[in-house]
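Letters A, B, C and D name the chains as they come in the text, with residue numbers starting at 1 for each one.
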Amino acid sequence: MLLSLPSASTFSGDIDGLVVLVTLLTGGWFIATQVMFFWLLWRFRAGASPKSQYITGKEPHLKRWINIPHTLILICDVVIIVAAVRVWVKVKQTLPPPDDTVRVVGQQWTWTFQHSGADGTLDTADDVWTSDTLHVAQGKTYHFLLESKDVLHSFFVPVFRLKQDAIPGRTITGWFQATKTGTYDILCAEICGIGHGIMGGRIIIDTPEQHASWVQQHSTMADAAAASTDTTAAASAGASN
Amino acid sequence: MSDHATAAPAHGAVHHGHAEPNWFLKYFWSTDHKIIAFQYMFTGMAMALVAGFMAYVFRMQIAFPGQAVPLFGFVSPNVYNALITNHGSIMVFWVAMPVLLAGFGNYLIPLMCGCDDMVFPRINRLSYQLFLLSAIVLLVSLFVPGGGFGGAWTAYPPLSAVPKYNLTPMGSTMWVLAVALEFVAFLLGGINFIVTAMNARAPGMRAFDVPLAVWMIVVASLLFMASVGPLIAGAVMLLFDQNLGTAFYNPARGGDPVLWQHLFWFFGHPEVYVVLLPAMGIVAEIMTVFARKKMFAYKTVIYTVIATGALSFFVWAHHQFVAGIDPRMSNVFTVTTVIISIPVAEMCFLYVATLYGGSIRFTTPMLWALAFMAEFLIGGVTGIYLGASGADIFFHDTYFVVAHFHYTFYPIAIIGTIAGVTFWFPKMFGRMMNETWGKIHFWGTIIPFNFIFIPMFILGMYGEHRRIYDYTNFPDLANPQLQALRITSTVALVVMLLFQFPFLFNFIYSMFKGPKAEKNPWKSNTLEWTADSPPPHGNFPEMPTVYRGPYEYATPGRDTDYWPQNEKA
Amino acid sequence: MTAHPQAPGHGNETHGHGASHGGGHGGSHEAHYVRIWAILVVLLLVSYFGPMVATKLGWHWLLLTTAFGVAVIKAYMVAKNFMHINVEQPIIKFMMVTGVALMVLLYGAIAPDIQKGDGQNWQKDAGFHHSFTTSKPHHAGAHEPAPAGEHAAPAGEHAPAEPMPAASESTGASGH
Amino acid sequence: MSTKTIATQRAAMNMPTGRLAIWWVLMSEIVIFGGILVSYVLHRLAHPEWAEQAAYTNVHLGATNTLVLLSSSLSAVLAHAAAERGDGKRAAFLLRLTILGGLIFLIIKSFEWTHEIHEGFTLQSGGFWSYYYTAAGVHAFHVIAGMCIMAWVASTAAKNQELHRVENVGIYWHFVDLVWIFLFPLLYIAK
């Protein structure tokens, strides 16, 4: 909805709706105030009213012009708060049961994605690691485990209206469900040093069938690679304790 | 300055014994609050030119990526980061605060409270010297090996704390030092403002006889003093992390980067009110004078100022909705953020209501004050999008935020400041500024200003994220229509910067050659207009006594439509 | 509070507020201060020996109350008797309480993020656990950057309360 | 030194300007020390394992330092009482006694710190020690600043001039003592 930016996730419509609501409410008051402002300027210009009036601001008939808009704005604010919190709870607080999970790792100046591979679970031999491109299936609910390796980054997918900062030392879980296929931008919205300007990625939303074939094709490669590195993995895992 | 120098020192009640000081003593070692105000103002204006030039350079890089920028050269990514970081830091700490808080505060508080100087003149001088030192340290930090600090004016660790990540070890340390020095300077200055306004008021001047400009500068100083403490502690910890290998913000060794964000924004949000309130105070003085009207509900305005100040301590985490704080906390801060918009909206309504029943004269200062109201309303309204946590998920760290805070900061730091300068110029320099040049400068600044930032709202709605030196790296953002918007902003900025020269010319020319100004050219009530233009050292030959409030305009039964505060009933 | 014209003060400022602060004759006053000092020293001894007794008896609450309770009492006594805050203008007391209240507010709003190890949809893993595990083996090793400096990549290790449904035993993932 | 401005001598709030300013200084100091202590308490409760590191702090020296600061607070308030009576000489002597107390405090602290650093607990060796040295360091800085100002005030008080400053610097000193009263349990007792 927002201008011509596609709306490609289940909650992007809610966020756009909230933006429209805020536009209507605050826009209305904004226009009313500006019109009143310029009208007063024109009506009480020196030419038209050479003598100014002594008004303390306690006159009831004038105070009403402040108090009524004031209370109405109070009501609009309550409406905005309720709408904003409802959207916030839906996007950031409730985690619908995931069909699949992906780990998103931000580091100085690239996004790395760990797909769960054919068996649908992370940290298994068939996981598919990619950098810069995230492959998801349309219509599937994804949980993303957001981490950062060094500084703050921010996982931002404009078409999903989704943004979440990645903090080193924390794993932040969020969700999204793509509604449109296509290839869109993934951006880093938190300054992360000299390469912040090149830290972009792409999200490729396929139909479930296309996605399954992609996973199948890449998982086999992942299994083969896993076999060779298992021996080294055990050694490095042991050494790390 | 030559004319000013010949003003004979006042033979007021208290005669300062020292002989006529030589040029250096008079201007660089003076304890006169007016000289210190000029020092702050001219340093602030000089830093505004520096930060304005930085804006020109990085806007040219965004509009024409990769091409060498005239008067600067090729802008590499780390130079770009340093430019945006220091543009933000200079504008907030070295332009808005010195000119609005310290410049007008130092000049107006003693004059408007009817006393001869600040309560602690020497500490006042020391606060400027510390401020000058901080400005020098910051400017030098741009030229040290590795270049200026490039981690945004919010300096989030670990980027700001670990040299390996920010690649500007000396630049970031000097940046934090400069900011810490600036805080100490404004703590000293703040104490002077608050205690002078509290204790050194003229006899008969009760709390509610004090002009709004003084009230707001005092509340602003209070907000600053109460909110800067934790950030000074945070800055000490950041300096230790950067140089002494501690791990306050290093998650792997027990620290937490989110701690800095909280300490920073606990200061950050009261800080925006610290710069907003003096500008609102200046606009209040100007609108009442040129509408010849009493302030609409003066006490309510003061209560909204105090309410805004108090609430400003409860809203800071709306800068961190998506920054990884606990989502439940974000709901709390959504509610407090929308609540704080109510007293500010109330204050704007009362200002607009002051125009009702007035006789409005569109002199240059009034044009600037009215432009402040019109533009600031846009800034205030677009803040609701960001306060509503749901929408902030999308808008955070996009150009929508950049446009929002420029629609609040620009009216504060530039429009409000120029309004104050043009309004008090006759009092400061004893000369009148040229009205036609003033109006050329006004329209030449206001119209391009909107063409800079309205395109940014649109870019923000396309999800264009901040602090990127070349948007052609992102396929969805590289399309020609968006690039056209970026070019429009840049061209509008260049036009606006060019229109600042008429103002500089008008300012310097009028200082020496402008028509002589009388004591009260605008027929205003407040005490500073009862002193000479420019007021001598010691301000008033005999200290005024106050009999009424500052806004008794158009009182029925009087022949003139104004009634100075010190005129006996 | 109308402002009374202030006579140009000679060197010594005239104290505007309460007579009691004006200072009675020297003798009784000095003894009063010494007495307060003595009480403070006793309280110090309590806060010194209390924790020792507490740790011996294992009453942890006693340790906290003696340490911090005594500190609050001492603070109140110093403020009241030495700084004479009780006879000060109400705005001064209000300022000090505001300063302390702001710090309590700061603590309260930050605790959910800094003090707790986890929260809604997030948990600290890297720096929070003692033994910090390197991340598990990555298969397409090409893009795996060498773990930077002293701390390794955040652990692939999941806290037990991992919201992931299939938290099956991961092969090769190292434990704590 | 130019005579005072009229503004300095006014008291629209019915209290001397100097003391009003000192209370404002204390408010900004509360939030500065508050920033450090809040961060410390947050991390202390987030990392129970710091208690082991805290076990090495020397509570005996901490307690002695508290006693030293309390006694210096006593001499500061006695100096103020003397200044009340207009006895500048005695006030100056008592102020110098307070400065001596501050000096003893710093000496004990330097012994304590050299011992701990010698044992390997430096600023970098873990979160607790970072906060320990930062908090105690900033406090020590304020003790030194207080001592310098007090020396200057004592020199003018000895000539029976500006006796109101004795009270103002006394209030500042009591605040520095107050901060230490809270630092003592936080750094030394909470093990």
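Keep in mind that, in the parts below, contacts are C-beta pairs under 8 Å (C-beta built on N, C-alpha and C of every residue); 3 or more make two chains touch, one makes a residue touch a chain.
Remember, it's a predicted structure, so these values are computed and weren't measured experimentally.
Asks: Tally the contacting C-beta pairs at the A-C interface and at the B-D interface, and name the larger one.
Replies: Between the two chain pairs, B-D has more contacting C-beta pairs.
Asks: What is the distance in Å between the mean C-alpha positions of chain B and chain D?
Replies: The separation of the two C-alpha centroids amounts to 34 Å.
Asks: Where the centres are mean C-alpha positions, what is the separation of chain A from chain D, in Å?
Replies: Chain centres of chain A and chain D, defined by C-alpha means, are spaced 48 Å apart.
Asks: Can you work out the whole-Å distance between the CA centroids of chain B and chain C?
Replies: 33
Asks: Please set out, as single numbers or ranges, the residues of chain A touching at least two other chains.
Replies: Only 92-93, 150, 168-170, 172 qualify.
Asks: Mind pulling the chain B residues that touch 2 or more other chains?
Replies: 201, 205, 226-227, 230, 251-256, 258-259, 324, 327-328
Asks: Which chain C residues sit where two or more other chains touch them?
Replies: 1, 3, 98-99, 102-103, 106, 110, 114, 116, 120-122, 124, 126-128, 148
Asks: Could you list each pair of chains that touch one another?
Replies: Inter-chain contacts occur between A-B, A-C, B-C, B-D, C-D.
Asks: Spell out the part of chain D that touches chain C in their complex, as residue ranges.
Replies: 6, 9-16, 18, 20, 23-24, 26-27, 30-31, 34-35, 37-39, 41-43, 45-46, 49, 59, 63, 66-67, 70-71, 73-74, 76-78, 81-82, 84-86, 160-164, 170-171, 174-175, 177-178, 181-182, 184-185, 189-191
Asks: How about chain C: which of its residues touch chain A in the complex?
Replies: So the residues of chain C in touch with chain A come to 120-128, 131, 133-134, 136-141, 143-145, 148, 152-154, 156, 158, 163-166, 168, 170-176.
Asks: What residues of chain A sit close enough to touch chain C in their complex?
Replies: Where chain A meets chain C, its residues are 92-93, 95, 97-98, 101, 103, 105, 107, 110, 112, 120-125, 127-131, 143, 147-150, 168-174, 221-222, 225-226, 229-230, 232-234, 236-238, 240-241.
Asks: Residues of chain B touching chain D in their complex?
Replies: The contact residues of chain B facing chain D are 13-14, 16-18, 31, 110, 113, 115-121, 187, 190-191, 194-196, 198-201, 205, 225-234, 236-237, 240, 244-248, 253-256, 259, 263, 543.
Asks: Can you name the residues of chain D that touch chain B in the complex?
Replies: For chain D paired with chain B, touching residues are 2-8, 10-13, 15, 17, 20-21, 24-25, 27-36, 38-39, 42-43, 46-47, 50, 123-124, 126-127, 130-131, 134, 138.
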